[in-house]
Amino acid sequence: MIRHRALAMLKAVSTFKGGISGAFLLLLVIGALFAPWLSPYPYDQQDLGIMNQAPSLTHLFGTDEFGRDVLSRMITGARTSLSVSITAIGISVALGLVLGATCGYFGGTFDRIVMTVIDLTWSFPEILIALMLVAIIGPGLEGVVIAIAIAYLAQFTRLTRTQIMSLKSETYVEATISLGAGHAHVLFSHLLPNALAPVLVAAMLATGDAIILEATLGFFGLGAQPPTPSWGAMMSSGTAQLFIAPWVILLPGLAVALTVVFINLFGDAVIAALDVRAKFREA
Amino acid sequence: MSDLLTVNGLSRRFSDGGLLRKRKTFHAVSNVSFALKKGQILGVVGESGCGKSTLARLVLRLITPSEGQVTFDGVDMASLSRQDMRRLRQRMQLVFQDPYSAIDPRYSIRDALLEPFRVQGAMPRSADETVASLLDMVGLNSALAASYPHQLSGGQKQRIGIARALALNPSLVVLDEPTASLDVSVQAQIVSLLERLRQDLGLTYLFISHDLGLVRYFCDQILVMYLGRIVEVLPSTAAPKHPYTRALLDSTFEPDPKRRRTVTRLAGEIPSGYDLPTGCAFANRCPRVTDLCRRELSTLWSQGGAHQVACHHPLTAAPDAIIDERSVA
Amino acid sequence: MLLDLEMLRISFGAFAPVDQVTLSVDRGEILGIVGESGSGKSLTATAIMGLLPRIGGQVAAGTIRFDGTNLVGLPERQMRRLRGGRIALITQNPMTSLDSMMRIGPQIDQAARLHLGLGRSAARAKSLELMADLRIPDPASVYDLFPHQLSGGMKQRIVIAMALAGDPELLIADEPTTALDVTVQAQIVQILVDLVRQRGLGLILITHDMGVVAQACDRVAVMYCGRVVELAEVDALFAQPRHPYTQALIRCIPRHDMARGTMSAIPGVVPSAAAQPPGCRFNPRCARVADRCRIEIPELRIGVSGNGVACHVAEAA
């Protein structure tokens, strides 16, 4: 099973689309992980003498209204954006798997209640749910993580539930039950592993959306609190200098856009690779 | 010999519909009783929708009956706790019709063969040896252990299905159309294998099939089902007395052009199990139908020995020859 | 002859899953093509229909002569006129051969309107007549139903009616009864046999079941791994099967007088197209294999009787 999934990943990376996007994402993750060592300047080092400077050799991406190095802030910001969205989606997927599997496998009243709640949240845009939650929890990274996680919970619960419900009728599930297997074995050895691939692909794509959501919340000043940089907060503070120092807002914006595009491209490549395996299986 | 399995008045209904649609009841299995002796092969034969697969699952308690009782080796299965039922499953196994989907595609053959032990919490000391001996038992090369289901042919997969079913040393094996999705040449391989295994391991089979020719060849005793009911119970060598059994027999083609048949007698198709007629369910297709058949359902009555038929007008001993010696050039 | 295949070779890239296939069907005749999955029987049908390019294959050698015209290399435009018209195909799965969004009647009408140029009402009248011929009860009301409202056996009759609507001279039925219940299977085979007798059609019946062959066919081509290993009149084939594979196939089917344990199976598996053994392709599974069989591929030799076998051992005997 692990071999299959690794094979699919390899296949995804070996395509042009998958290779390019995979390489970009890898660079981004490395940048985020080693931000303190890779940034040319400390992200919070102010120098009011070089306020709003255009990109130059000393400051590749220019400086902001406090004379801070934009490149350094973006590298550190990547750390915030990625860790927040990945953690949030991770929590969301984990909860969604548990809820979705329970609902899909056992059904009954619990399923009906959960699905009603899920359907309700489904009818609101994620940003609205996140804003409401941050308003309740209060601004700060923890609040944003929880807000994003809950905003995406409906999606993963639904997806898992549908997967489990269709897998439940597979002959091999009945075969396992007829061997004397209990619920735990059926769920953990057959249903969840088979349901996982599409959920993981959806999670990858949702991470892209979560980065935008995190940036939006940051833009509203609800995410990382100053001086901790995040792409959204940088764009927010950059609006004031839009015409003096457009790089302060444009470059983080570009970073968000590129990251999301490459995540989606990579997701596509993985989906294609997984499909190839499915076709091979049928043959 | 004692009875390994007794089934008494077993019925199963499924309902659907609900809020907006009229509630409909589907009679999958109605009032089925039989006994299966240790070491015997009992065939259950019928066409799609006759309830034979539901019967298999009722017997194994993969579905709970609406009415009736299943006794396995003296134990009423309804009386068992969930835990005890799970343990009892070791002794009664199922082989599936579709070997293509009966194995988790992510499992290697080795994993699939070890799963029965894992499920029962009784992993063998030497897993490799167990896998090799299981593969050997069903006539497969032990090198296949490392492969995945999609790399195997249908016949090979069905052998794996059989090996999995036999891993825990069951007494009863329910075979649900184990050859229906295979080529006839592969069917012969599987049937020979099942025969050998029964002799070697002293198994008892409940063999479910739509092919009366195959059932007559393979089984000791045959139940013929039509729309959820048993219409005839006959020793496999006996001439059929129910017109439906006769029709089934006439519909199986033997590999002998000298025994060509014209099968114009049985018109129509099987009615739906949703609205069963009050009388005999076969009445609308039966060449011997009378008013009595439409009004009243016949119970199973003895035709001498173990032979029973549920028909008001059973065929006489000499088969109504509908077999034409071929005259067409 | 209505249809004549000579030394047909079908290739997919480097593989030739069908090779040296020679067979023929006359009007009013039923030719059975029998073999296991992977024998190339369905591919042969696909080749006759000119549909190989759609699945990435091609006729690499040989001829397919239909009523004197070689179909190999025939322009697609002309092939399209034959397909569904003078040559019709009945596929294995009636469930997927019908358009679920379209009423039954218009689906049957199609071929008559397309190939015979009939108008709407003439096509409808013809379809109703066909349906009655196929013993479909109450054709006029079935005409207006959707496929999901019919049983499997009824759907298969509709598929047969669709095939007949273009007044074909050659009908190819690819496992037409595999998906059906036994009593329904018997009805469908009976219908096909009657059609051939009444209308003088040529019918190629593709099956893996020797029982169906014995029941319905006049002549039989037994295929194994893409080659015809035996070609014979049905009576001769069952009375004196000459190829060891034919013999084994016949013995695979339970007969009324067989005692339990006497049915014999063919050992081993059909080799894949990529792993064909040298020599006779059946030699690893053959009970009567000789040294020569492992080296030299036997050719199908057809005698004056029209019967023939591709086997070194059978020829020597």
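Observations, loosely collected:
In this document, chain identifiers A, B and C correspond to the written order of the chains, with residue numbering beginning at 1 in each.
The rule we apply is simple: contacts are C-beta pairs under 8 Å (C-beta built on N, C-alpha and C of every residue); 3 or more make two chains touch, one makes a residue touch a chain.
As the structure is a computational prediction, the values presented were derived from the model and not from experiment.
The chains that touch chain B as well as chain C do not exist here; no chain meets both. Legend note: the chain whose CA centroid lies nearest the centroid of all displayed protein CA atoms is B. Look at where the CA atoms of chain B average out and do the same for chain C: the two points lie 31 Å apart. A straight line joining the Cα centres of chain A and chain C is 55 Å long. For the pair chain A and chain B, the distance between C-alpha centroids works out to 51 Å. Per the touch definition, chain C reaches chain B in the complex via residues 36-37, 135, 137, 151-154, 181-187, 189-190, 197, 208-215, 234-235, 238, 248-256, 258, 260-261, 263-267, 269-270. Against chain B, in their complex, chain A makes its touches with residues 1, 4, 170-172, 174-182, 185, 189-190, 193-194, 280-283. Within the complex, the chain B residues that touch chain A are 60, 62, 86-90, 93-94, 96, 98, 101-107, 115-116, 118-120, 150, 161, 164, 168. Of all residues in chain B, only 47-48, 153, 155-156, 183-189, 191-192, 195, 210-214, 216-218, 247-248, 250-264, 266-270, 328 touch chain C in the complex they form.
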